[in-house]
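Once you scroll down, you'll see the structures, which are given as structure tokens.
Same chain, two partners: chain A is paired with chain B first, then with chain C.
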Partner chain A sequence: MSKLTIPVRKFDAVIVGAGGSGLRAAIQLSEAGLKTAVLSKVFPTRSHTVAAQGGVSASLGNSEEDHWHWHMYDTVKGSDWLGDQDAIEYMCRMAPEVVVELEHFGMPFDRTDEGKIYQRPFGGHMSNFGEKPVRRACAAADRTGHAMLHALYQRNVRANTQFFVEWMALDLIRDDSGQVLGVIALEMETGDVVAFHAKATVFATGGAGRIFYSSTNAFINTGDGLGMAARAGIALEDMEFWQFHPTGVAGAGVLITEGVRGEGGILRNSANERFMERYAPNAKDLASRDVVSRAMVTEINEGRGCGPNKDFVLLDITHLDPATIMKRLPGIREISIQFAGIDPIKAPIPVVPTCHYQMGGVPTNYKGQVVSQDATPIPGFYAAGEVACASVHGANRLGTNSLLDLLVFGKSSGDSVIDDLRSGAIGLKELPADYAERTLSRLNRLNTQTGGASVNETRLELQRTMQKHCGVFRFKDMLVEGVAKILDVEKAVLRTEIKDKSQVWNTARVEALELDNLIEVAKATMISAEARKESRGAHVRDDAPDTAANPNGRDDVNWHKHTLWHRESNRLDYKPVIMKPLSVESIALKTRSY
Partner chain B sequence: MGDREKLNRLRWRCTRRAMLEMDLLLGEFLDRIFPTLNPEQADAFVNLADMEDLELWPLVNGSRECSDPVQAEVVALLRDVRVK
Partner chain C sequence: MATSTMQFKIYRYDPDKDAAPYMQDISVEVDFAIDRKLLDVLTKLKAKDDTLSYRRSCREGICGSDAMNINGKNGLACLTEIKDLKQPVVLRPLPGLPVIRDLIVDMTQFFKQYHSIKPYLINEGPRPDRERLQSPEDREELNGLYECILCACCSTSCPSFWWNPDKFVGPAGLLNAYRFIADTRDQATNERLDDLEDPYRLFRCHSIMNCVDVCPKGLNPTRAIGKIKEMMVRRAI
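Right after this comes the complex of A and B.
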């Protein structure tokens, strides 16, 4: 096997992923004169960053007084104190600079009458350390992510970044010392497998929201960077933390905005009961996201779900005047008709809590360098955006901080590559003799498998297992069972079979390779979640309830620490949360309440 | 590139998009409606699939109209797709 060779292309830097963070990193590298390749499964402006509509936060103070330190406080609190305070300070301090830079790259931000960047309020962003809401989100109408990608892409074209579009990275190349030397990638148009040999490798592959059956994430989000990192022996951090939205269309995952409940929408179970009256007698259907999601899951778990599998509840607006629905919620009516096959004027919409964002990822520091457990950088390896865990989002992400994360850590990872090259910390080392062996064996296994498992069915089994056993509200026994089940799913993933063995545009092969990545994320998530015996941020367990000793179920004595999941034997380790910021005083642990 | 390869490429471009809504709609359309299109309509669909999601979505949800008549026919079919 070791005699098999593949073509090699050499670059200063290879970036995997062409969403916001990949494009931002690429600008830094290409403008510094480095020969930079960006690999992407799709054309860059089709990356999932487009779906981020809300805005990007920065304490510009254009509409009222604001300060990065207040933004930092909000982010630490939002993270339920699991975020690293050095990284959070760095991100919030850098925010005004990267947003203004983006403006100079041509981003068409909305403007105030005076021509400044217009800012609007957004949930969780407050002035004066949690006192009152502040206008901090900068947006380009409801197309912020889309506009951002276009501005960054144009700048890359100007800087001569080389794009490899419709290429899928398969594995990381590491040598015996652990240094990262590039990636092996597959060109979909030819089926060619090529080594991208580079001094620096930057992962910007986005999240893995497709591990859940109900997910707002586009199909592209299969956690390719996480899978590659795990297979290369790099631990994944805090993978138990996933943000959910209470109302996605059951089955499809498409979001139904909270505005529907604001207009009078009522959640009902299979007995047609308005069940929120039992869980939140005052706020009822307008209770906070967490409360609503938990109530929905409890109804489903206790057998009061709807449909043949009793696995969703109903969002009912049939009591509203059809004219009101047509006037105030026309988009939602369209979505219900197209994605649930239901006209909400006539029948209620099936909904279920739906996965939205991944807080954990490949462990990095605030410089975008991937780090080992003792915080030492892994030479040649960098990551930014949803694939990375810096950790700025901790146990839960604040809205508009995801686009900020892309800009700040995309840029800092690029700067770190430049610094590490200048200092001689990294350089082009020789490829090990057997560097392609593992990838070629994996491809060969897939090409020769007979009597194996269907990729589609196995992926569905994975997604259903994650949804049922490790969803928005978690139960001890379900998690224990879930670990056993997901390890069973892994056995099927190891023997997937594809009927099409051709080379050119073999999408069946690509989907099987994506599944290889999904399973790594699913295992990391389930095993990390089962082990964390507390509730914190987005990780909520029934056996860690709200008590006087542990408000909201959070157990700082035993669990104020980051999880590290190692693929090898599914081992878990923990490392301390960095409580010391870069220049200000630590924000001390406190109960998180809004 | 043969027909199978072209169809696979189109499938990739229909189901690996920026927005989940478009993955679902275009994927469903490709499976159920695309085989029934005439050659002009098929070409129009390929062109639609090449558009970015935030250009295509307003056509599908009816907030913008198509100028090209064949494209309008295909968009009308796309609007009728029900993802189940």
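Right after this comes the complex of A and C.
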């Protein structure tokens, strides 16, 4: 092939993604005066952080006593002990600082009578090491993500951050030594392909919830960072762990925040029974999300679902004061009216567990540096937010810890870039001769493909396969079959065809390129899930049931370890869970109950 | 099954191949049990013809991507109930902004105006260790303001913005300006009022109230603009 060249732009740092973590990282870099480019597929305030509702956790103790150490304990327990305890301690200790900082940036939090940040109870948030519920979720009504994303964007406007809006990053650039040198990106408006050559590359590309058919996630959540990392030879960690949020609107998939239960909402089955009392006698409706989702599916499977097809349960807030609903939950009232045709003041909302969040991702340490298997940082590469696996969420994320993750690791990844640039650990190395080849041949293939597969149908096949074979409950045979099916889907992905050949705002091309990323995530997920022969957190399988030797089906002897999936030949490796926190004592393995 | 054929007229323009924009007649089978919103039907249309171009993301009315002109009125495709629409359903890009392709407009001017009002909290005082206090009543002043999703439905329905998009801040920008003026934590009220005290930036608003009529979040920019004017009068006397 003759040598193809594309325009090159040089920066100190390039941040890919302008949701919460990307914007938080950008604040660090812009305010430090670094020449930074922030690339985003959508205008920053359209990023999916905007859809977060219930709150961001921090042990501010504004309404009752709280402590970061209790928050840490809840997070470790919530993770079913798969989270790394150094990163979890770091996140929970930093929480008050980053949340207060956000308030200083202008975030319009709700307020207590004393004028402090309003906090509400949330699933799995307890005081005194698991004793009783505590108000830890800092909220702006039920629009916390929207208020946060706008406040972060606004702070970046103040800092004069340079955005490249509606640019899609296509591939990571690495040299022979493995150092990351930037990304190749597509300007959607013009179809131009440009190299962003940088000393530091920060991935803040968000999750890939769109691998499932039924998802709370936006259309844009296609795992672009994961696809790029996998194609560049970086392993993906713990991809079998996906959170199914208990309360997606039945049929529509749109999220109804856990904050609804935090404010007193109750889940009921067809007998009008508050069934969570049987599954989690202590925390009840505010147990961890994996626990609640499984309870709901069990109720439905055992015939106690509601509606003509008995395929959902009800989220009831009709007993709450309408004034509370109007003040604290105005957004979910709008959503219920819009997407369920129900005013929750008058009638309960039909809900089902819906894919919501990816616990796994690109392996990082708590400083936001991407690490290889032996924990050494990959020079020039950083990641934060849902694309990253620090790992603070382990096998199951606690509600409100995702918004906290964005702030803490967005900031720490930015700080690490600054430190590594100042110490001279990273610099602008020369681009390898063939750096653009893979991307350009991918684009060329797409432009010239004939007689290929439909992007839309192939994506649907992928989503249905994931939904059927890798859902809330997993089955050995279905997983084995699922691996074969996903590898079949991959064959279609490699020969997708688009009819639209225009250079200008070609959304068909963008969707085909997104599918290239979705398939990497789907393979990583299915193959990692098939291999993990235990039940832990959100990964529960029929051949690993609750026994005396392995309570809840968790097998710490053989499976207390992180999965690493390598794209090359779908190889799996494992690495130990970090049990040693930074300053406190390790939180020892224990059976998990709520 | 409540299935029926619906007629659409959609604005099409691809600068790569079309000499001029045109309206395309399309009919589509709609299953009202599944295709509840206009965006569901657009997704269906795009599955058949992948050249149809529009922005979309969250599909729940919070990201502000899929604003368009629907039967003559601006709105979000993801919040527009399909069964309520009169046929043929006429879809056009947001009016008053340059069209890039099909239903996608160039929003540069809209964001330029938003940025012009300094949309960030200005408080140069020393940063306290904890949050700045704000009473629940003071916080309530921000309700109806901070919820703006920057979809541009309002500004692109405003004749004053059509005529002077480079000089008139427009309803979205002004609503956001008042969001900071009304925030007890912000210290730049006077500068913000000075900046808007201009025959164009604020005073091109003639209270036509199209903005209020179209806002998908039920916000009221005209009221916010009125409050700004009121503050200007009050500080003058």
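Following the convention adopted for this analysis, the second predicted complex is superposed on the first by the 486 of 594 C-alpha atoms of A that agree within 3 Å, B and C clash if a C-alpha of one lies under 4 Å from a C-alpha of the other, contacts with A are read in each partner's own complex, and residues count from 1 in each chain.
The rule is short, and it goes like this: a residue touches a chain if its C-beta (ideal position, glycine included) is under 8 Å from a C-beta of that chain, and two chains touch if they have at least 3 such contacts.
The shown structure was predicted, so the numbers you read here are calculated from the model rather than taken from an experiment.
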Mind working out whether A:42 is in touch with chain B, chain C, both or neither, as first, second, both or neither? both
Look at A:337 in the shared chain and tell me whether it touches chain B only, chain C only, both, or neither; answer first, second, both or neither. first
Given the superposition on chain A, which partner contacts more residues in chain A: chain B or chain C? C
Classify the contacts of A:129 with the two partner chains as first (chain B alone), second (chain C alone), both, or neither. neither
From the superposed pair, tell me which chain A residues show up as contacts to chain B and also as contacts to chain C. 42, 45-48, 50-51, 143, 146, 189, 218-220, 252, 254, 331, 334-335, 338-339, 502, 504-507
What part of chain A is in contact with chain C in the complex they form? 42-43, 45-48, 50-51, 60, 100, 103-106, 108-117, 140, 143, 146-147, 150-151, 154-155, 157-158, 189, 218-220, 252, 254-255, 331, 334-335, 338-339, 454-456, 498-500, 502-508, 511
Residues of chain A touching chain B in the complex: 41-42, 45-51, 143, 146, 166, 188-189, 215-220, 251-254, 331, 334-335, 337-339, 341, 502, 504-507, 510
Which positions of chain B touch chain A when the two form their complex? 1, 4-6, 8-9, 11-13, 15-25, 52-54, 61-62, 79, 81-84
Complex interface listing, chain C residues touching chain A: 14-17, 36, 46-47, 49-51, 53-65, 79, 100-102, 104, 107, 111, 115, 118-121, 123, 127, 129-136, 138-139, 142, 146-147, 149-150, 180, 183, 185-186
